[in-house]
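Labels run A, B, C, D, E and F following the written order; every chain starts at residue 1.
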Amino acid sequence: MTITPSIKREYLAKLAGQGKREDDRGFDEFRPITIETNVISKAEGSARVKIGNTQVVAGIKMSVGEPYSDSPESGVMVTAAELIPLASPDFEAGPPREKAIELSRVVDRGIRESEVIELDKLCIEPKEKVWVVFIDIHIIDYDGNLFDAASLAALAALMTTTVPANNFEVGDDYPLPIKEPPVSCTSVKFNGNVVIDPSLDEEETAEARLTVATDQNGDIRAMQKGLNGSFTVDEIKKVINTSIDNGKKIREQLYKSVGK
Amino acid sequence: MTITPSIKREYLAKLAGQGKREDDRGFDEFRPITIETNVISKAEGSARVKIGNTQVVAGIKMSVGEPYSDSPESGVMVTAAELIPLASPDFEAGPPREKAIELSRVVDRGIRESEVIELDKLCIEPKEKVWVVFIDIHIIDYDGNLFDAASLAALAALMTTTVPANNFEVGDDYPLPIKEPPVSCTSVKFNGNVVIDPSLDEEETAEARLTVATDQNGDIRAMQKGLNGSFTVDEIKKVINTSIDNGKKIREQLYKSVGK
Amino acid sequence: MTITPSIKREYLAKLAGQGKREDDRGFDEFRPITIETNVISKAEGSARVKIGNTQVVAGIKMSVGEPYSDSPESGVMVTAAELIPLASPDFEAGPPREKAIELSRVVDRGIRESEVIELDKLCIEPKEKVWVVFIDIHIIDYDGNLFDAASLAALAALMTTTVPANNFEVGDDYPLPIKEPPVSCTSVKFNGNVVIDPSLDEEETAEARLTVATDQNGDIRAMQKGLNGSFTVDEIKKVINTSIDNGKKIREQLYKSVGK
Amino acid sequence: MKSDIKLFENGKRLDGRKPDELRNIKIETGVLHRAEGSCYLEWGGNKVIVAVYGPREAIPRHTQNPLRAIVNARYNMAAFSVDDRKRPGPDRRSREISKVISEALGHAIFLERFPRASIDVNIEVLEAEAGTRCAGLTAAGVALVDAGIPMRDIPVACAAGKIEGQVVLDLGKEEDNFGSADLPIAISPRTGEILLLQMDGHMTGDEFNTALDMAIKGCHTVSEIQKKAITEKYQKTEGD
Amino acid sequence: MKSDIKLFENGKRLDGRKPDELRNIKIETGVLHRAEGSCYLEWGGNKVIVAVYGPREAIPRHTQNPLRAIVNARYNMAAFSVDDRKRPGPDRRSREISKVISEALGHAIFLERFPRASIDVNIEVLEAEAGTRCAGLTAAGVALVDAGIPMRDIPVACAAGKIEGQVVLDLGKEEDNFGSADLPIAISPRTGEILLLQMDGHMTGDEFNTALDMAIKGCHTVSEIQKKAITEKYQKTEGD
Amino acid sequence: MKSDIKLFENGKRLDGRKPDELRNIKIETGVLHRAEGSCYLEWGGNKVIVAVYGPREAIPRHTQNPLRAIVNARYNMAAFSVDDRKRPGPDRRSREISKVISEALGHAIFLERFPRASIDVNIEVLEAEAGTRCAGLTAAGVALVDAGIPMRDIPVACAAGKIEGQVVLDLGKEEDNFGSADLPIAISPRTGEILLLQMDGHMTGDEFNTALDMAIKGCHTVSEIQKKAITEKYQKTEGD
């Protein structure tokens, strides 16, 4: 783990005290986002998302498998996020660690709990055969805010996924049935300041992190607080509001990028 | 591994030379034993056993599975003992090590070889469906003599187990068919003295360990010698006799605690 | 990893400069080879091969299993080579490392790609039941040139394997159907000299390694270059010729040892 | 999963509780011999035992922080703690929970006093019935006090949630399975700061505010039970 | 596996290429922010990205060589890179490829200048369609230059093979699946030395000589594309 | 498991042995080039090879004992050593056997002469047919001598058991599968001390005494075979 020298910490704190960030963004402002889809032709759906220098590729593979015994008429989704050593000098090879596990579980819940994939439409033969949707997320370049980049890449990939029914000889291909997805926005707190979409430097300085996923109605669909620090109730409410505002803009860009 | 300072070793040896133990027990005397059953309501059977400060919880879960191909009409039993870091500053998280493996294998053999569980009565459909009995043993507080505490907890849990036939839609619930179990007694040797039911201090000083499981007839059903030291033939015979005597008392307490 | 002291390196280089090797062999000469078969009676086929002091035991076990879905009428072969700590002070216990993986993959390809085992004759019931051939290679004593010793032991074991059809109640036993096998010869390069069948000392000094498997027609069936060093095109062609020559002699010895 | 069970009717929940009513909680401290601090907690059907070891040298060494102690919470479920036997050993869920609990506890401890050390908090779930992470964190807070670890405050946790449109405190098992949102939080009761917060499901902003408020109140109630357990232990000890 | 597809007819291959024709290759360098050196490469349907870190202290320590740096190439396929999803993490195939690529790259680098260090070369296959080890090694060569690692030469790889009795350059997917031999090599283009060589299948001595010759020529062609990508990057940088 | 086979009839066992008769044993020492000490042993259908390395620095370091050497026996079965292929690598059974053999050997070695060292005893079972732990321990004793490890005595092992009410020496395969008790032990032959003892099955006190006595006598017989193998080796060496 890189230890940000205290000098960097002080510099960021001093800037923040003047209402500024390293890259001149506002506290409630995201870095530029780009979303490209269909970047992997072997995948059923795929997307490359950049938030600033952070870069994530998500690919969707589908296959036919068995349903869980407690939901015999539902498809199955599996999410895996890998923090491969390609993306950062601090990521090591080997089985996923706490950080990667939290990331993939938060992305997974964001999609699963909001029922973004209509799993009940992915049954081929009750109790026997259903579609399995694998969401694989590769972090390519890590400059902060993986939660939002990974979640956005997964959504863009899902929204451009074609169910490969023909390949599996179970009918004609069709677009993966998808509901309106919530959008995830992450903020961090350092030295009493709360900023959205943290850069790597800001993340390394941060005492507390809060991810809020909101839907098109501005309702809350998922939250995850992280790190040793704390938030006040007021800070949380403010983060929610900023997340709703940014979520709206990002949702528009997402829809545009997937052609909807 | 804690290294008992030589001062402790000398103190215990000196005491033993005077025919005494740290806690004033006789060489052939167990610490107080308590046995509580039905402590975990989610389990099919369960027990908490204390031997002095040593504390063990065993839980039995049952499910329906396939028989082994070489015994198509027998149920299956699986024993796992975990030395979780809760129980001792010396236990580490991670996959089971030699000590935990030996413990669970000795407990398993004590039950399996004496056919305590009547596995041939746990067949539902030959070759297809049999009951699987999971014996999970959690060490909660480790103050010596895990072998006897774990084995006793497993027996008490098994003797109060109800086969959840109703839940699995294969008939009505019934008590797990059980034969008279052998009782395990462990002794250690240090500085030429042999004592039963070693405390942690005695275990850490011990050169050799001997576990003897005996049945209601005083027959021997299992033995396991451990550690670098040796026993003479006479010592072994003496340990067997002490184990038969203590085994009788513990068996009475066990039967009482499970209501038989 | 043992670091050959530079003095050893210089000694071998000096010898090689005079056209000599430690054990007085020619550059293109193997150490004495012995091949014993049927050394493990529990195995369907087995062989112990010595090349100089290097010693390898290979055993073949067969069982009935499912075919791969993309070759429903073919048997399955599985190769595993273990560098057990028995064989060398430098081998460690634990899951196979790069060196063992490369070894078993090179041996596996040598057999698989040349279709030494006629897998299409190992189908019992298309899509359902085929023979699975397990080739397990144990390195017993490691004094250099594992590739050739392991490959030769695997071939001798396969060529003396009986399909245990009777045991699995699928007909009468018969010899495993085998095609003419390619023979693997390994050379190394150090200080500009290329020698075949390296001893351990030569291996530890080597900059580059080249394995060439050739068949009875002198055709090339597999190659694998290893280590940090390089070969010139001429060196490669020369290694191929020496491998063809030695391959012929070894093939004769192999046939004789398996009684063909 | 959908269900036909009516989770909320006539102002009452399935188990008869009012919307803002906690399940029964029982806390006992100093229950283990070997551990430096320990706590046994029952919360509704949950049974949790916690043992604290440390501060002691963190191993392996590369986990050491030269400036402060690390908190190493390990949330583990016994194989027999749930309806379908759980395979022993950590899974992804337990590792995530261990992480968020470690982070929440870290805020309360004077970590900077113990550079290079680890404080190991072993949370063993013996029986599970919705809300084990809150139960585990709450028990951990008490066990840390029992171990004499210097702390700013005793962290405490409680969840609120939503069932059939109604915001309620401390979801029970069916409520957790069939409800529409769950919001477990942990706070520092002296300052009211939020140390842990997760949310799954669907809530409007207003519902969230109500739920957060209710969960914080719940935390304060649980905090009183924590303190009582600690006081009783110390009174007993003095009385010895 | 046998196939009815005609791989070679009228002097042309399935995808219309001549026997000694490469697939399209596109190389871009300096594509990543965090990496010290990086390269993105498309080679036919293959998409590969490489990041180089180091020289830095090799960890764990027991991997350190007191006399020189170690090269730690890690070839990894993304789960979505192939037709049937690949389970994440290294398998035996990827570990063998990592080993032979590490060895080949090591020859080109002045390893003796960095005792106890590791040079970590992360090769990520985003999409795979025959020839990924050559694509990965070629991209790694460029990324090492981009990272400023001092090298004797830029290693480069290319394969030749045999389909239906015909020796051809740079096998495509069907050619790889149904052809009769594959010969991937890597060379040091300045000296022509062979750094990596593997062969599977069946070739006569003459066929091998033809194939080796063709693969070496292929390497030189790819080497030009490597150099162009590097030059373009530096010109751009200077132009900034 | 039950069986209709008659294991004992007319004073003879299935394979014609008398109750107190051993299977054939063949021991050869110094059979490996790399190992510091080695032994090949055949015992009935069992084939075992043992290599000893050390004393050498124990790694990883945290396994070192500052006061004495550790004995690191590793019992391993070859995949092809049994009727149904065994998956390579250690399982729970082999790890338990490794533990009890390590402990038994440790008693015989002057461990205190080699603080921080490990003595590695690799026991490879090439073919298994009841009694491999006794065979492995016995071979290990010889290999330790061959390695020049200073020892108080040469440990030796043998089992007794019960079949159809009859106490017998050295169970064969069917006797092991269908018999009613097995009692493998190891002793220090000079002092008669018991170093290893395990018992499974059902024996009365009297039967146990008979079996223990018989197993000890068996150990002494095997001990003579050990010593002969060692002497022959030394005589050969001197004769060179």
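Basically, a contact is a pair of C-beta atoms (placed from the backbone, for glycine too) under 8 Å apart; a residue touches a chain by one contact, two chains touch by 3 or more.
The structure displayed is predicted, hence computed values, not measured ones.
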Which listed pair, A-E, A-D or B-D, reproduces B-F with over half its contact pairs identical?
A-D
For chain B and chain E, what's the span in angstrom between their mean Cα positions?
58
Just the number, please: Cα centre separation of chain C and chain F in whole Å.
32
Nearest whole angstrom, what separates the Cα centre of chain C from the Cα centre of chain E?
27
Counting only residues that touch at least 2 other chains, which ones in chain C make the list?
none
What residues in chain F touch two or more of the other chains?
none
Which word fits the touch map of the chains here: line, ring, star, complete or other?
ring
Going round the ring from chain B and on to chain D first, in what order do the chains come?
B, D, A, E, C, F
Which of the residues in chain F end up touching chain B in this complex?
1, 92-93, 95-96, 98-100, 103, 106-107, 183, 188, 191-205, 208-209, 212, 216
Residue numbers of chain B touching chain F in their complex, please.
70-71, 98, 101-102, 104-105, 109, 113-114, 210, 215, 217-233, 236-237, 240, 244
Chain B to chain D touching residues, read off their complex:
39-43, 46, 53, 55, 57, 59-61, 63, 80, 82, 84-89, 93, 95, 134, 136, 138, 140-143
Chain F residues touching chain C - in the complex, by the definition given at the top:
32-35, 45, 47, 49-51, 53, 56, 74, 76, 78-85, 88-90, 120, 122, 124, 126-129
